[in-house]
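Below: a set of structures, written as structure tokens.
The two complexes that follow have chain A in common; it is paired with chain B in the first and with chain C in the second.
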Partner chain A sequence: MQKALLIDPDKCTGCLQCELACSYEHEGVFNPSKSRIRVFTFHQEGRFVPYTCTQCAEAWCQQACPVDAITLNSETGAKDVNDSACVGCKVCTIACPFGTVNYNHSTGKVIKCDLCGGDPKCVSACPTQVIVYVDADQTGYEKMRQWAKQTDNSPAASA
Partner chain B sequence: MSWTGKILRVNLTEGSVNAEPLNMDWAQQYLGQRGLASKYLVEETDPKCDPLGPDNKMIMATGPLTGTIAATGGRYSVVTKSPLTNCIACSNSGGFIGAEMKHAGWDMIIFEGKSPSPVYLYVEDDHAELVDASDIWGTSVWHTDEWLHNRYQDPLLRISAVGRSAESGCLYAGIINDLHRAAGRSGVGTVMASKNLKAVAVRGTLGVGNIKDPARFMQVVNENKAILAENSVTGQGLPTYGTQVLMNVINEIGALPTKNMQEVQFDGAHDISGEAMHEPRKSDGKPNLTTNAACFGCTIACGRISTIDKGHFTVENKAKYWGNSGGLEYEAAWALGADTEVNDLDALTYANFLCNEDGYDPITFGATVAAAMELYEMGVITDEQTGGVAFNFGSAEALAKAAEWVATGEGFGKELALGSKRLCEKYGHPELSLTVKGQEFPAYDPRGIQGIGLNYVTSNRGACHVRGYTVASEVLGVPVKTDPLETEGKPELVKAFQDATAAVDSSGLCLFTTFAWDMTNIALQLDAACEGDWTPEKLVELGERVWNMERQYNMQAGVTKADDTLPERLKSEAGAARTGPAKGRYSQVEKMLPEYYEKRGWNEDGVPTDETLNRLGL
Partner chain C sequence: MQYIVAGAGPAGVVACETIRKLSPDASITLIGAEPEPPYSRMAIPYLLSEIIAEQGTYLRKTDGYYEQMNINRLQQRISGIDASASQLKLDNSESLDFDRLLLATGAIPINPPIPGVDLEGVRHCWTLEDAREIAARAKSGSSVVLMGAGFIGCIILESLVKRGVNLTVVERGDRMVPRMMDDTAGNILKQWCVDKGVRVLTSHSITAIEAGEPLSVVLDSGESLSADLVILATGVHSNIDYLQDSSIETDQGILVNGYLQTTHPAVYAAGDVAQGRDFSTGEFTVQAIQPTAVEHGRVAATNMVQDNTLEHQGSLNMNVLDTLGLISTSFGQWMGVAGGDSVCIVDRERYKYLNLQFKDDVLVGISSLGHTENIGVARGLIRGKVSLGQWKVHLQKNPERLMEAWLACSVGVA
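This part shows the complex of A and B:
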């Protein structure tokens, strides 16, 4: 089964565990500035929102890359960056409408979420289950279940 | 290795900024944060120095686990000599700037001297410079934060700053980081402002990549995260209610100091409790609490994010207070509320916002307002001082006014800004200042919880709950339940808590983990991350070393056995608790103190013996 990341910001506390797990997995360092997932704080609203690549089916980053460095990982569905091919031209960072592909100046390559090869570390690090890894074709399942629970069959409800 | 091995030394007099290597021998003996920074302070300054003079130093220090993925690994400490107590001060804060300092490659920043004009320190990895702060001097922490973010066009900049209270001489000004986290107690912000240092802005992109045994570290970190999640305090109580989970609990056992500590229970406790923060307000139907929030790397997330009803009298027509910001924690809610008998949750939240906006300690502030209220009701302080504001217990208006005055140092705020000791002395009633060594009590009454009273009198930074939180044992049963009204065994309990806390405060982790973790849990994480063999025994001994070093500093600064005492109100029959389970009780601190000295290896005057000092390598 192909899986996808699903993020529910309502439960996020802004702890950055996901950023630390991500940067450690990919760079061997605890360093939010090298994380592929970022948590945004909206202070006035009291909200924390993690955000990362959604692995578009027709990925702009992939189509824009002039050296075919971004390829589909057929096992995970992720669009992976092949470091040996990437020339650091950053065209993909412009093409991505969501800003989730970024340049890493210390390596001269771009970085983006690769779902950690099918075992995303942000998911296991998240203490509040804000980030979960679920059936890619059923990302709405839990939300449906929550709404289904609220369905009221009594006649009064339709009156 | 987990330390960066680098210190940034900032000489404000000369305007110089220099890197130097960390003393790694000291790191093995004092770890980081509180312990290591205190070692540097002790070595480099005269304990008799004027806290607000150029000879005092101020050290911002991370711990070896700061900036790592260890749960709660975001702490930093500010160590200096306190202008409030004239003792050593260590104020600890979470938020994000501690980790940012570490990610920029620095274990510590040492500030010395005094700048001829206002400056701030800007740090971006290896690059550090002092920059003219005349545009932000005289403005609040919140304004300074916004100004610096705009100035550098960098949303990821992390900022610690002092507010107008510190600049105008408030003796209990803190250093606020990330808008609403605070190195709050003992006037560390006052010291920072005395050096003409307005802010520290840090951006770190290097991260922490030198963990001793990364695979083992990740494994023990994950195991210990699971322990926090499964524990009822760290997994449920704190995330749901924050530290405010305690308000009703402590009130019920008759240990909630009320009305400048005249009483031990507050009728309005529920109105200002963690539970009440969840309830819809009558006025606008929204709860005070919006969400809980975490500091860097914290899987507990006890922080409160709150709003004030836009129609509340404190914020009418003041749109800048209509959004979310740091809400009430237990100590603040107690000092601003129970101790002043104000049961208006939004008024307390407003005062708390101002404490953050202009950087002053809500505990000492609230307790000082309570003392002023008692003096007002006695007719000693009158409308002449308060500018016509009726300063009665229970007055939300008086509390709000006082908060506004202290924020900027205007009017009666000038007197309130000196703390209750100086205020009560000035008006001829020193006995009404509820302090130890000049610092106000936190929210646990020593008449109803005997051990915490002994901790208060022996705490190296004056009255403080987080030097040795025996409430964990005496009330919550962690690690074992002891009777709060009993004195037997308490000297040993207090010592154990104090030593363990000093070690935790030196690690980079938050003390709140110890509701679920013991020293073994912490040692395992340190040992996987850091050079050296870190065992629970070594940690406890390190804590004891830190405690004795702080004690020595204080004695050299002029503290004597006579300072290890409680105000008469708390330790005499005349002041005995009048209601609740502790009715008729008063603190037996004098009975416990000699045994405490003995357990500590101190002589009968409370001086560490040579044998003790030698054993600890001091």
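This part shows the complex of A and C:
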């Protein structure tokens, strides 16, 4: 059973430890702008919502890549960016309808969640267990995947 | 079943892969006119910037990939089709029989109607062969004139600056990327390039290119520019001339129905050559963008194998462009719709611009400069026709909160 990130925003305090951990793991710096997980703030409601790639089955980013730089990691189920193949064209950043592919301002190349190869650092950094790493079918992202299927034209979606 | 896919760009390659997935035993032939393995034209600017080598432009990177997929590759140019006889004619005067044919023959660059476009040292930037010629001439310190500041021109512009050439850009329109940006944004982008040391002449035409070493580029103002290299980026059109004597109907591109099937039932079309459905308008147009090519390839191939079981919902027109580090995007009806309304924020000093277009409480288009974070969610909001309710008001106050609008209105977590 592959695992996925389950995020429960109700428990989020907006401490941004997840962003810092993600940035440090991938870039070696504590810089939230280089984090692959982002915490969105709803001031009026006093609410914080962490959000990142769901590793969706449709993989719009992977399909849109003109140079085959995004591939499926068969161990984790993540769609990984191969940094040496990425040319920085950024087509995947507009192709992902969830807005979870961004780019690294230092290199111009794209960055997205890779589940840290199966040991997501946002999970271990979160002090209130907002982000947990569980069996994929528990994540509640099924709804989002269904949405993706509605607007997608892939053969799998029509079957 | 004999499947023939004519054209080895993204639409053609994805179509072959889709056919193979759905029909493990079918015979698949992929025909391309160029000698290299299937590659991405979009990657050529990055080859010129020396970020990648030629192999880095290849659409599939695994050694022996097409052999493993049992896809036969053939290097030939298409000369015509006899659809009623189910035969594809090749330049070497041979013919190939097909049960199903996909035309994914792409686009070809337009030659501007001026004297001198055939001179040595005047090139399009379209093929790997063009790229080699450009790389040989665009050396540090050499003078280069780029004709056209549209989408392709702007992408090439960046790689030319990185090669250290003295660059002049000549654009007939009154701004840069006129088909992707409005007047305000197109001129902020121009200012950005000027501030980076590029000479950008908008509202100017090149009237002739004269032979010599260097070449002489004559402008409508009477000014003459000397150039070691002139690059033509004055647009592309669907590659359909080979269909003139066939029964397959064309307009801007090849006419297709909602299944990407042409006027001949055994022949389908995909990518830059296909006049497919636009998501926003429902009209049939040539979009000539990578994501649409891939979507077309998949849908057309599915319908070729499974007899029109997958209707194409329409592709969303969208673009992203990195011009010397300033990122611009456009999605859908970025120019607005009748009866709609909009919000726009402009910060000229920081080269930032964000324009959202609404119809009722649904987002229908976006254009942006320097706003890149989570920008893909624009596609989700537009394509999902997400009803924004109160969030339309929030976005009109602060259009940067697109992701929050998505989380609140579509994911339902806020």
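Keep this in mind: the second predicted complex is superposed on the first by the 139 of 159 C-alpha atoms of A that agree within 3 Å, B and C clash if a C-alpha of one lies under 4 Å from a C-alpha of the other, contacts with A are read in each partner's own complex, and residues count from 1 in each chain.
The rule we apply is simple: contacts are C-beta pairs under 8 Å (C-beta built on N, C-alpha and C of every residue); 3 or more make two chains touch, one makes a residue touch a chain.
A quick note: this is a predicted structure, and the numbers were derived from the prediction, not measured.
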Touching partner for A:129 - first (chain B), second (chain C), both, neither: neither
First (chain B), second (chain C), both or neither touched by A:17: first
Superposed model, chain A: greater residue contact from chain B or chain C: C
Partner chain(s) touched by A:68 [first = chain B, second = chain C, both, neither]: second
Which of chain B and chain C A:9 touches, first, second, both or neither: second
Contacts of A:96 with chain B and chain C, given as first, second, both or neither: second
Chain B versus chain C as contact partner of A:28, first or second or both or neither: first
Contacts of A:47 with chain B and chain C, given as first, second, both or neither: both
Chain C-contacting residues of chain A that also contact chain B: 45, 47
Residue ranges of chain A touching chain B (in the complex, touch as defined): 13-17, 20-21, 23-24, 27-34, 43-48, 124-125, 127-128
Sites on chain A touched by chain C in the complex: 9, 38, 40-42, 45, 47, 49, 51, 63-64, 66-68, 85, 87-103, 108, 144, 147, 151, 153-155, 158
Contacting residues of chain C [partner chain A, same complex]: 10, 14, 18, 21-22, 40, 42-43, 46, 51-52, 56-61, 290-291, 294-295, 298-299, 302, 306, 309-310, 312-313, 318-320, 322, 325, 327, 329, 331, 372-380, 383-384, 402-404, 406-408, 410-411, 413-414
Chain A contact footprint on chain B (complex, rising order): 67-69, 71, 96, 103, 156, 179, 204-209, 214, 218, 222, 225, 229, 239, 290-299, 301, 303, 305-307, 323-325
